Structure formats: structure tokens, C-alpha cells
Amino acid sequence: MIRRFTTQSDYLLREALIGLWRGGWMNWAAISTLTALLFLLGLGLQVSTQLDGALAKLGSQLEISVYLQPKVRAIALEPKLRSLPDVLQVQSIPKEVAWEALQKELGVQGDISESLGGNPLVDTLRVQVARPTVVAHLAQQIQSLQGVESVNYGSEAAERLGSLQKALGWAALTLASILGISTVAVITTTIRLIVLSRRKEIEVLQLVGATPLRIAIPFVLEGFALGLLGTGFAWGLLLVTGSFVEQKRQEFLPFLAPEPIHLPLGLILLGTGTGLGVIGSLLAVRSALREN
Amino acid sequence: MVGLGSSSHEVMASLVDVSKIYANGSCGLDRVNLTIYKGDFLFVTGASGAGKSTLLKMLYGAEKPTTGTVEVQGTIVNSLTGAKLAHLRRRMGVVFQDYQLIPKRTVEENIAVVLKAQGFDRAEVRKRIAPTLQMVGLASKEKCFPEELSGGEQQRVSIARAIVHEPPLLLADEPTGNLDVHNAWMILQILKKLNHLGVTVVVTCHNEQLIKTFAKRVVRVEAGIMRELTPAL
Amino acid sequence: MVGLGSSSHEVMASLVDVSKIYANGSCGLDRVNLTIYKGDFLFVTGASGAGKSTLLKMLYGAEKPTTGTVEVQGTIVNSLTGAKLAHLRRRMGVVFQDYQLIPKRTVEENIAVVLKAQGFDRAEVRKRIAPTLQMVGLASKEKCFPEELSGGEQQRVSIARAIVHEPPLLLADEPTGNLDVHNAWMILQILKKLNHLGVTVVVTCHNEQLIKTFAKRVVRVEAGIMRELTPAL
Amino acid sequence: MIRRFTTQSDYLLREALIGLWRGGWMNWAAISTLTALLFLLGLGLQVSTQLDGALAKLGSQLEISVYLQPKVRAIALEPKLRSLPDVLQVQSIPKEVAWEALQKELGVQGDISESLGGNPLVDTLRVQVARPTVVAHLAQQIQSLQGVESVNYGSEAAERLGSLQKALGWAALTLASILGISTVAVITTTIRLIVLSRRKEIEVLQLVGATPLRIAIPFVLEGFALGLLGTGFAWGLLLVTGSFVEQKRQEFLPFLAPEPIHLPLGLILLGTGTGLGVIGSLLAVRSALREN
């Protein structure tokens, strides 16, 4: 029994290898389309995480300026603001400091506060926010706190970045699903065509008494191997493109920290590639078995 | 198995009231009754399009009868599919009228598929192929691909593949159609020898000369209807 | 054209010192010299794998000779390709040993391709197909696909396609291999009638009976070497 | 001769149609992959023009603040600045106006300029720039003009937008070429496989005396038809996606004016689709003709 099993596995593996070897350009067609599509898929995922990271970073440099009521001091509100969600940092600017800076800026010699009837400014706080999408909401929250006169958060820029991020999320999702669907379509088609080109072989094997399972296994192994190779090439391409893009980034967007191409992406691609290869083969060989 | 080369009364295969109407309305077989005994050497004759190949297809389960029952080696073939049909087919050898060779595999590999499907190990496979090819006169062609062979050579590969695993039932559809007299004679000698060793052989054939020389039992099919020419012994 | 059914001394085709060694080293033909005259009815015999099909392939340009010259209807075939080869092939009809039918086309369409390739219009095509199918006994099968036909029926479709455009040269490779005696006889009668109408016919055949009955000239090929059995008249 | 020609065109067209009809799922495979890839190509082009437009718009809101030397008046420099390339608009802000605004902002009653020894401010100019990429360069140019004390152009934001645009341009180019290559690969493969599945037909046609041209034409027509259908479907999908994206845009990015999907894009896709179909068929049928 064990002897029989090893003999058969030997045959099945050999047959899969021979199939790959003799398949010639058909295999290359399958591998290259798989590569192209997995590459696009990976690129899409990578670009979307990249953009996400970049936008998050841009967003994190956004801040809310909080102007307090004349008699309220910044120090008093600082802990409260710090405790709000999504707040990264809070910086207090007492009105004295602000006034000094203003006077310096205007080039005024000596203290003019007396002629103005005291320091005309108020205490302010600078609140750094974690994500651009929450800026507007947080600003509103702060506005409603006691002692706050008004808030200013460069609303337009923040909102734009936030909605850009949302829109990009949508675009990435749409693109990823379209790519996913095309990958499935192309790979099923290609493997179906590989099976088609070997239909005679399947027919003959059936006629001479090979069980359906025995006929299917080499094809499934082949599909797996094709998926593996496709993923490998796509991964290689991604790394190459990644380093190219990184170069461009350093040239054009030096203020963005790179988001390295990471292993989980590779695993997603590997799963997609080999899964599609195996499932495609199974479906294709099953339909060929039915037809005869 | 009863005495070498003679039919026993053990049944190898039987068709009971079998009719076959193809999807396009053509009539392949019309209420055919036939019992094939172990050890038979049966010739099936009949005009082109009479239904000879259809009869064999019933036996190896490539076509299902429209009505009636087909039984082979104790198994009802009618509704057999998948692994079960495969297991039945391993216990027979078939020479197809259109050869059915795998295009991208060498002669050797084409014959090996049968043995591999049955789980023979590699040494055994190698041991069997050479003598079988020798037998059909193709010893020098083992590395050729089917498209590099002449018509008759392809036919002989198909014959070699049908006998290499020594099946108890051999179905041969026009095995000598593309062979010259000498080769045809040789092939039928081989079939006769197998029959002597206890193999049940069913052959369709046009060649009256060959039938006269070799037949122990002959049936004729005419437009789907079967008639026994030589009574079964 | 000289007298119906008799060979003239006008040359229809000739092979001069033709050898064919296939890429894998097999010898197809070995220094063959053969002249085929207009009006000939030539039988080519020989064992399986002797080189009969190779000889015909030289004539219709499917294989190029390794050495020597092949001339058909005044054209050197050796280096002919593309449109020129196509034009030569339109002036011959070929029955292929493996039939060469288009799988997804009906019998009718399979025959029509020849006529359409030559620019016959649709009415003419329709007018010719029915009688030709009638002639080979397949009148009822015109809408069938090749896979719905028996072996012999497929062979007869191939014959019908070879004669439908009334070519001056007909090459038939084992045209009766899968036919019963009656049908084989009928087909050879048709070829003989065409020959009487002035068509030059070259047939490869194993069946000694048929050769004896129909042959006016017989050559035998043995392992690539050709020998004239009946001298050309 | 003319008769012959019409007979043949009739046959060739019919054969192409029959081929399409009998091709079955193989055609659908070709059409669907072509559709998917053309769609992606179109989407890529559309998104890149869209982003370009959006960024240009964001960029156009950028401006350079020009601070003049104490004695220089804004009016004097205005024409010079207007004449610089890529300058959209120039706004002069005399120091008197600025001072008044400042006093108002600080809540100062009466004129305090006397106590400061005169208006401490200088004249400024606001220069609106056409493209974010030129802001830095333009600012430098302005800085070097006579009478200019300093310039301020929110350098970081402008630079970021500018380089984002450049980077996106690069990304779009890369994506478009990858998609182009995959489209070519997939379509050639698919048509080659269609031809493969009809290899026997090609072989037989050659054997019965059809000229290579006559054999090729129906396949080429089929390739053309497949290309046409693929383009049609891709165009339809693009319109649907476009209206969907437009809806999302109104939701998330209402400040961006939509860039409508325009006809030139359609023509590009049509050219690509049918061109690939025809060329793919030609190459495939030629290789099949060679093999026999």
C-alpha cells in the first residue's frame, strides 16, 4: 500500500513536471499574465497603503489653534485637551509670549502694551491631531469647551486631505476588486486553455482506466506551480519597482518616509496566486473530465 | 478459466435488448442481444456505419445505451462513471478505430500510461514495454512521437497499448484497417495467441480473408440489427 | 488529353532521385524515380511504414524532399510555399490517410471549404455538394459533425472532398482502409470512372483483391525503395 | 473579377461571423480580458488627468507674498510682477491698508502709529501662481528683484503639492505602461489560443489549397470584432464607474470640479483595442501558418 502510494506520487510529480516542461509557451502565457495581474494587485495594495501613510503623515502635521477667552489661561486647559481622543500633542502659548513675538515682528522698540491699555492678545493652544479625518470633529468638540473663545484649524486643507484619503480608499478598493476579478478571469481562462490543449491526453487517460482524481492531480500541481512562479515574478517586479519608486520619492517627495514593501503583501499575493492556480486547474480539469 | 483457447460457458459480457439512438437521431444499435463467453474469439462484421464501433463503445462504457442492459465482467456498465468505470476499464484492453494516441507523448510513454494508471512501478513498466513493442514490430520507434509514425505504425502502437497490461478482455476496433496483409496477419496471430492464453477477444473486421482464417465466432451488424453468423459453440 | 481512361505519354508528375530522411533520422524514401503520366491509374503498395504516404506527401508538397526533384503539372514542388503551393493544390484532390476533417464543421461545410477556397459562388457550391455526397453514400449525413460519424463515414467524407472540385490529379492514401468490401468496391468504381473521364489517379492500397481487380499499373515501396510491378503501358 | 471579389468577401465575412459564433466561451474569454484591461487602462488615464486637474486647482490657490523694502511702494512693482511667466494675478496691499487691518484686529482704538514713530509695516504684494511646480522658482526670481525685501510662499505646502503632482505623473506613466504591456500579452495569448484551438482548420485549409491570405482574413476580422466589443464594454464600464465616482466625489471632494470622461479617451481605447485584436490575430495566424 505504502509502496503503491510512493510509486503513484512519483508518477504524479513527474507528470506535472513533464506537463510544465512540454507546455512551452502556453505556460509562459499563463505565468506572464498571472505575473502582470498579481503585480498590479500588489502595486495597488502597496500604493494604497503608501498613500494612506503619506496622507496620515501630512494630516499629523495639522493642528488646531485654540484661542481662549481673555481671562482664561492656557495651562488650565492643557490637561483637558490632552485627554481628548486623537490628540497627539498640545502646546500652550501664553499671551505674553505671543505679544513679545508680535512686537519683535513689528519691529517695535520698548513696551507698547501700556499705550494700548494692556496686552491686547489672548492665550492660545496648539493641538496636534492624529488623523485628518477627525480634525473637524475635534475642533468642534474643543470649541464647545468652557473658556474657549474660538478655534481655527485651517479647515479647508484638513478637510481636503481627509476627504482625499477617503476617496483614495474608495478608488483603491474599486481598483483592487477590478484587478481581482480580471486576475480570476484571466487565470481561469488560461488554465482552461492549457487543459483544452491537452484534452486528448485527458480523454485517452480516461479511456485506458485512469481515475478522475489521478488525472486531475498533475494538472492541479501544475496550476500550483504556475501560481508559485507567477507570484515569484510579481514579487520580484514589485521589489524592483519599489526601489525605483523609492528613488523617485527621494527626488520628489523627500518629506515622506518610505512605507517598505512588507511580507504580508507577499503572503497575500502568494495566497492569491497559488489559490487561483489550483482552483483554476481543478475547475478546468473537472469540466474536461465531464465533457468526455 | 476453462481450457485454453476454447469458450467456456462463463459469461464475460452481455448485452440485453440494447438500443442506442444518438443525440442527432442516428440509430447505432437496435435491440441487440449478445452474450460473450470467457475465452471467445468473436469477430464483428458489417458495412460501414452499421454499428460495430457502437457495440464496442457500449462494452467499454464510452457511450451509454438508450435502452437495455450492458454487463461486463459481472458489472452493469450502463450507469458507471468516474473511478468505478476507470476500474472496469483497467480490466480490459481497447484498440480504438482512431487509435487515440496522446500527441505530445512518445510511443513509449503512450504505452506506459496504461501501466502507470494501474500502479505498476517503474521497473515493471520498463520491463514490459520493450517486448510488447517488439511483438508489434515497432522496437525501433519507441522514442518517436505519434505524428512521426505512419498510419499503420500508429495503429500498432494502439494495439501494443491494449495488450501491454494483459487484460482478460480485449476489444479491437478494426485493428488491421491500415495494415498490409503481412502485418495484419501478424497482429491476428498475436490476438489468437492471447486468446489461447485465456483472453477473451472481440474484433471488428472487414477483411473476409482474415475472418475466414481466424474466426471461431462471427456476428454481423446491419443497420444496428445484429445477426449471429457462426453459432457460439 | 489522350483517349479516355488510357495513359498518355504526357507527364502529370515525376520524382527524380527523390530521397526523404525525416528530422529524426527515419528514412521515408530512398532515391525514388517515378513518372506518372496523364490518365494513369497507379496503385502504390508496400508494407506498413514502407514510405507510401511519404511518396504522396512529396506530390502534394506536405513534406519537402531531402534530395531530388519533384515536379507536378509542370511545377517544381520542392521549394513551393504560400500562395503558389496553394494554387498547385487546387489542381489536385487528396484523400488523407487520417482524413483531415475540420472538427467543428459539418460534413457539408467540410466539403464546401475546397470549393470556397477556389472561388466558386454559393449556388455552385450548393449544386455540387449533394450529388458528391450521394455518390459516396452519405446523402443523409450532410448536417453531421465529423465526430458523429463512424470511421468509414469519415473516410468517405474525405473522399467526397477530394473529388468535389473535379481535379485533374487525385491522390488517395488508403481510401478504403476503414471500409467494408462493398463500400471499398464502390469507391474504387468511382475512382475508375473518374480515371475514365481523364483524371490521373494515384492510390495507396493494401488490399490485394482490389489491386488485382482495378490496377492498371502497380508500384511497390519497400523500406523507401520503389519497384515497378506492372510496367507502365 | 468583381463577381469573384464579392463572392470571396461574402465568404470571408461569413466565415468570420461563424468563427465568432462557434468560438463560444473562448471569445468571451478574449472579450472579457480585453474589456478588463482596456477598462483599467482607461481608468488609469482618466484618474491621472483627474488628479492632474485637481492638483492644478489646489496649486492655483497658492500665492507668493512679497514684502517690499520700507521705502518701495507696491504699485511700482506690480506691472513687473505681472509680466513674469506663470503669474496669474497680482494684488497690491499698501502698508496703510495693512496697518489699519492690524489695528482693527488688535482692537486698538485711535492711531498708534505716532507712538511707534510712524507705520512700522511695509507694502506687500500677493502673487497668484499658475502651477505649483514653478512657485519656488518664481519666488526666487521675485526675491532677486530690486526693492524686494523678502518673499514668503508657504514653501512647504507648495513644494509638496508640486512634487506630489510630479510623482503622480510618474506613477501614472508607470501604471499605464504596465497595463499596456499586460494588455498586449493577454490579447496576443488569447488570440493565439483561439487560433490554436482552430489549428486543425488552418491545417486543412492549407492542405486543400486556400492561400495564406485567405486563411488569415477571417481571423483578422474576428480579432477586429473582438477588439471592438472589448472596447465597447470597457467604455460602458468606464461611463458607469465614472458616474459612480462622480457621486462619491460630490460626497467627499465637493471642492473639486469634475473632469468629464471625454471622447479622446474613447478613441485611444478603440485604437488600442482593435489594433491589438488585429495585430494579435495576424501574428497568431502567421505562426500557425508557418507551423503546418
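Should a chain be cited, it is by its letter among A, B, C and D, assigned in written order, with residues numbered from 1 in that chain.
Heads up, the rule we're going with is that a residue touches a chain if its C-beta (ideal position, glycine included) is under 8 Å from a C-beta of that chain, and two chains touch if they have at least 3 such contacts.
What you are looking at is a predicted structure, and each value in this text was computed from that prediction instead of being measured.
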{"item": "Third chains touching both chain C and chain A", "value": "B, D"}
{"item": "Chain pair with the most C-beta contacts", "value": "A-D"}
{"item": "Reference chain C; chain at largest CA-centroid distance", "value": "A"}
{"item": "Chain centre separation in whole Å, for chain D relative to chain B (CA means)", "value": "67"}
{"item": "Averaged-CA centre spacing for the pair chain D and chain C, given as whole angstrom", "value": "62"}
{"item": "Intercentroid distance (Cα basis), chain D paired with chain A, Å", "value": "22"}
{"item": "Residues of chain D touching at least two other chains", "value": "none"}
{"item": "Multi-chain contact residues (two or more partners), chain C", "value": "none"}
{"item": "Contact graph of the chains (line, ring, star, complete, other)", "value": "ring"}
{"item": "Pairs of chains satisfying the touch condition", "value": "A-B, A-D, B-C, C-D"}
{"item": "Chain B partner contacts - residues on chain C that touch it in the complex", "value": "22, 24, 26, 45-49, 52-53, 97-98, 143-144, 148-153, 155-156, 173-174, 177-184, 206-209"}
{"item": "Chain A residues touching chain B - in the complex, by the definition given at the top", "value": "3-4, 7-8, 10-11, 22, 198, 200-201, 203-214"}
{"item": "Chain A residues within the chain D interface of the complex", "value": "26, 29, 32-33, 36-37, 39-40, 43, 47, 58, 106-108, 112, 115-116, 120-121, 156-157, 160, 163-164, 166-167, 170-171, 174-175, 178-179, 181-182, 185-186, 189-190, 192-193, 196-197, 241, 245, 248-249, 252-253, 255"}
{"item": "List of chain B residues in touch with chain A within their complex", "value": "60, 62, 82-83, 86-90, 94, 96, 100-105, 110, 113-114, 116-122, 161"}
